[in-house]
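Same chain, two partners: subunit A is paired with subunit B first, then with subunit C.
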Partner chain A sequence: MTALPIQVYLALSLSILAIGAYILAVKRNILRIILGIELMISGANLTFIIVSYWLGNGSVDPLIRSIVIISMGIASLVAALSIALVIMIYRKFGTRDIRKLRKLKW
Partner chain B sequence: MLDLIVELGLVIGIIATAIYVAEARPISRAIGGFILFSVLIAILYLYINCPYLAGAQIAIYSGAVTGLFLLAMSITKPETPEDEAKARSWVIAGYLIAGFVIFIAFFLTMHYYMYTPGISTEIVDTVVNRANIALMDLEKILSDYLWNYRGIDVLMQGVIVIAVAAGLANFFKREKEGKVK
Partner chain C sequence: MMMYADLLIWLVPVIATLLSPIVAKVSRNGAHALSVSAVGISWILALSMIFDILSGNVTYYPSNVTLGSIPFAHRIVWIDLTSLIGMKLSFGILIDPFSVFMANVVSFVALWIFIFSIGYMSEEPDIGRYWFLMNLFLSSMLLLVLSSNLLQMFIAWEMVGLCSWSLISFWYKSKAPSPDPRFSTEGEYNAHCGLKALITTSFADAFFLVAIAIVGYTTHLTMGTPTFDFIELSRNFSWLRKIVQLGIMPIFSLFLISGPFGKSAQFPYHEWLPEAMAGPTTVSALIHAATMVKAGAYFVGRFFLIIYTGATVYGLSVPDGVSTFFLAAAYVGAFTAFLAGTQGMVAKELKKILAYSTISQLGYIFAVFGIAGAVLLEEAFFAGALHILAHAVFKALLFLCAGAVLHAVHSKYVYDMGGLKKYMPVTYFTMLVGALSLSGVPPFAGFFSKDLILHAAMHFETMIPYVLLLVTAVITVFYTFRMIGLVFHGEPSEHIKKMNEHGHHIHEAPLVMRIPLIVLAVTTIIVGFFFEPAIKFIAGEHIVFEELGHDILSFVLEVFSSELILVSAIVILTGFIPAYYIYIARKADPTKIVESNIILRALYKFLVNRWYIDPLYYKIADGLRGFSARIRKLQTGYANVNIVYMIIGFILFLITLILM
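Presenting the complex of A and B:
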């Protein structure tokens, strides 16, 4: 088992999730917002692994590993599609500032 | 005691790099912080006996996703107040070279630890002792699980490739239309 208690790692995962949520709520640059989404997915993956490590007394369930690897693939898919959207938004509106995209509201 | 220091360093480093991603200006530095964040997460995975996850973390986050971010950053001009400092091309090249070197070093180290016969390493010993299962059996179990999901994996990779290809095609198509106008 790890030298630090499991609560520290759970707090680490929640901190990463909180930092990602802060980026989503406060920042204006779309690229940074996508970085925040990736941070939140990393925090969720870390939570999966840490809880499995804790329940398995030092070994992580292979099914959880598979789920996390699939989650990483989906995260890369999200990033690819989001960045494609950013490029198209930039070509349409000429900005990466999300506050200037209020024309999208209806 | 050494374990405690290493784990504390990893936890503090991960939180610090996550905060750096949130606050660094310009965005290129935030992307650099994201590379470091992914590498630290991979080291944590390696530390708790998940070498395949660590490899996937390095390959996907520090490689593919970061490359996409650098691409998007380079083809969209920084104009927001937080992007006033201009990104320089040598900084991007440095990030790419550093990521490549870290990637190669990580996999060479992992290969050395896992496949060198007779070597007594902490990683191999902890995997064998704690799980009470041979390392090759663990790899076989994991490979069997992953083999069941190979269709989903290939499908996702195909979707990613198609999405990127469609985005690039649309990008160059609009460029051509702009020239015509």
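Presenting the complex of A and C:
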């Protein structure tokens, strides 16, 4: 694990975050957007682990580890809930295109 | 001496507020009975407080709370923020003659308006919402007048505003054609009127809140802890001196008076009140007579008491700048009285005539309170307080009569009425009593209070308010008798003839509506004679019941023997004769007179357009709306675009964080 400097790992997690943000900004399909959110959460979790590993000189702080595990659990919950919402939206409006869902803008 | 009277007086209507929607689901009569009995209890408690104050012995609690002399405030710590910002917010009930006086006015007038509502709202399906809002309105107003500190008063103040908003737009579902071409249905128009009231008063209140914050800040600087308590503020004027020292006294005064100006519909915030007629007439009566618009006048009176008590009881020297507040009240009040009076002369709707007269009469109250504060004249303060009482009674009476008329005629335009005298004799005579009182004819209540106001106005530094108020008095007589003439005298209009042909005969109001009219009319006649004891009560003097008759007699003799009675007579005749000639005897056609003269025609157009102030406000509002419509294009509604904005914002935030 000592082979590469920390910047490389941080760049990896940042790029995961950036890809997630790109998906959020560009894609129309709600399912893809949910995937984008999941990707961003993964990027954040990865950053936590990397920084903790770097600070702890090779060992990850158990607190951080548990936080990340909880975060992953919540992320899966968010995914499940959003997919349920997507199903409801699809049944009600017959579309998965987020640009067509702008009822608040009358 | 009733236990917990100071809390129960406003808590009983709160309980009725919470219960009435539920009770209304079960039984309409149950909801009526609940609300009327709640306000009845409030009135009895308010009455008992008068005797508590007269006996000088206030004990509302078991022995552990010993309460001293009047004025006293019962305070409890409401929110303790000592550890955070070093202050405690207290919740308190202030018992002093002025607050008890106001509580009596409010609850008495509200009682008869509530009873009238039983008849007036008999066909209303949504009675639960109606009673919920009316009870909440009443309890907020009682809480407002009994508040012991500014912050608590402000909360009640906003609650009053909120209730008025929802009550004005009460019939928001109505599908009838709109009286205003800008809206498609009457319901939309009503909702617009309610919103207009809310926005105007809230705009004024924003300044008021800033002024309250300044009070908190300066008391924090001088006394160590922020305090809003009326009694504390009057004990120590260091906060006022601090404001002067900071050089913000003029701004502070104008901000502080802005709230009352908005609430009491004084210039430049007066435009909401004529539109507030969209609600049920009982609501208009409550807004005009007891609850909403009297709040502003009450605050000016309360602020006068703070200054006056400090100056006389505690012997403090009043800083010079304070008079800005009162000078603004005096001049703006007198000007508003004139402004609204002139508009009342040409109004076409019955309730709008009354609305303009309310603005005008409130102008009198503001002017006299302003004079009271500017020259520290106690008599002027009494005159204002008594005009609050007199106006509350006769304006409630006039509005309820108008309600009875509208109920019978099914039209709100005065030109659709006429000749109602023979159909509705009780309404006619009670409304005549109200009209005589409004125009200041002796010996009705309005005469005494108007006389006292004009008397006090002569002590002011300039004669501008006096002259304006005198001219307004003439105008008042004119438009009052124009209203009476158009509604009750002359030939029945086409509308009424048509109604009679279709079998809708004009009928007198039912008994439950007539009784409040008669009670209020009798009160209007007799209350004027009790002004001398009322003055003694507000002044905190001792009243000897055996000398009551003597007091009344000497007061009446004094008023009738002063030279002002001549002025009054001239004023009444100047206004009455043209009104009688044109509108009651119908000897001349007003439209022809106006048409024939170019100056009169221009004047008429100017007045009908409300001095072009209302159109100007709409222009400003439309301009702002156009600006917002352009800004709104930024909001595309696309989730993707919003995310892009979010990311940009986040990056900007990060950049600032790094740069700092």
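The rule is short, and it goes like this: the second predicted complex is superposed on the first by the 102 of 106 C-alpha atoms of A that agree within 3 Å, B and C clash if a C-alpha of one lies under 4 Å from a C-alpha of the other, contacts with A are read in each partner's own complex, and residues count from 1 in each chain.
Quick note on the criterion: contacts are C-beta pairs under 8 Å (C-beta built on N, C-alpha and C of every residue); 3 or more make two chains touch, one makes a residue touch a chain.
Every value quoted in this text rests on a predicted model; they were computed, and no experiment measured them.
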_After the alignment on subunit A, I want to confirm one thing: do subunit B and subunit C clash, or do they fit together?_
fit
*Which partner does A:Arg28 reach: the first (subunit B), the second (subunit C), both, or neither?*
both
_Quick check on the superposed pair: does A:Ile70 touch subunit B, subunit C, both, or neither? Answer first, second, both or neither._
first
*Given Cα centres, how many degrees, to the nearest 10, is the angle at subunit A formed with subunit B and subunit C?*
140
*Where does A:Ala80 make contact in the superposed view: on subunit B (first), on subunit C (second), on both, or on neither?*
first
*For subunit A, which side has the bigger count of touched residues, subunit B or subunit C?*
B
*In the overlay, answer first, second, both or neither for which of subunit B and subunit C A:Thr95 touches.*
first
*Report the closest approach of subunit B and subunit C over their C-alpha atoms in the superposed model, as a whole number of Å.*
14
*Residue overlap on subunit A between the subunit B contact set and the subunit C contact set?*
27-28
*Which of the residues in subunit A come into contact with subunit B in the complex?*
2-4, 8-9, 12, 15-16, 19-20, 22-23, 27-29, 31-32, 34-36, 38-39, 42, 46, 49-50, 53, 57-60, 62-63, 65-66, 68-70, 72-77, 79-81, 83-84, 86-88, 90-91, 95-97
*Which part of subunit A faces subunit C closely enough to touch in the complex?*
21, 24-28, 33, 98-99, 101-102, 104-105
_Complex contact set, residues of subunit C against subunit A_ = 635-640, 643-644, 647
*Mind pulling up the subunit B residues that touch subunit A in the complex?*
3-4, 7-8, 11, 14-15, 18-19, 21-22, 27, 30-31, 34, 37-38, 41, 44-45, 47-50, 52-53, 56-57, 60-61, 64-65, 68-69, 71-73, 75-76, 78-80, 82-83, 126-127, 130-131, 138, 141-142, 145-146, 148-149, 152-153, 156-157, 159-160, 163-164, 166-167, 170-171, 174
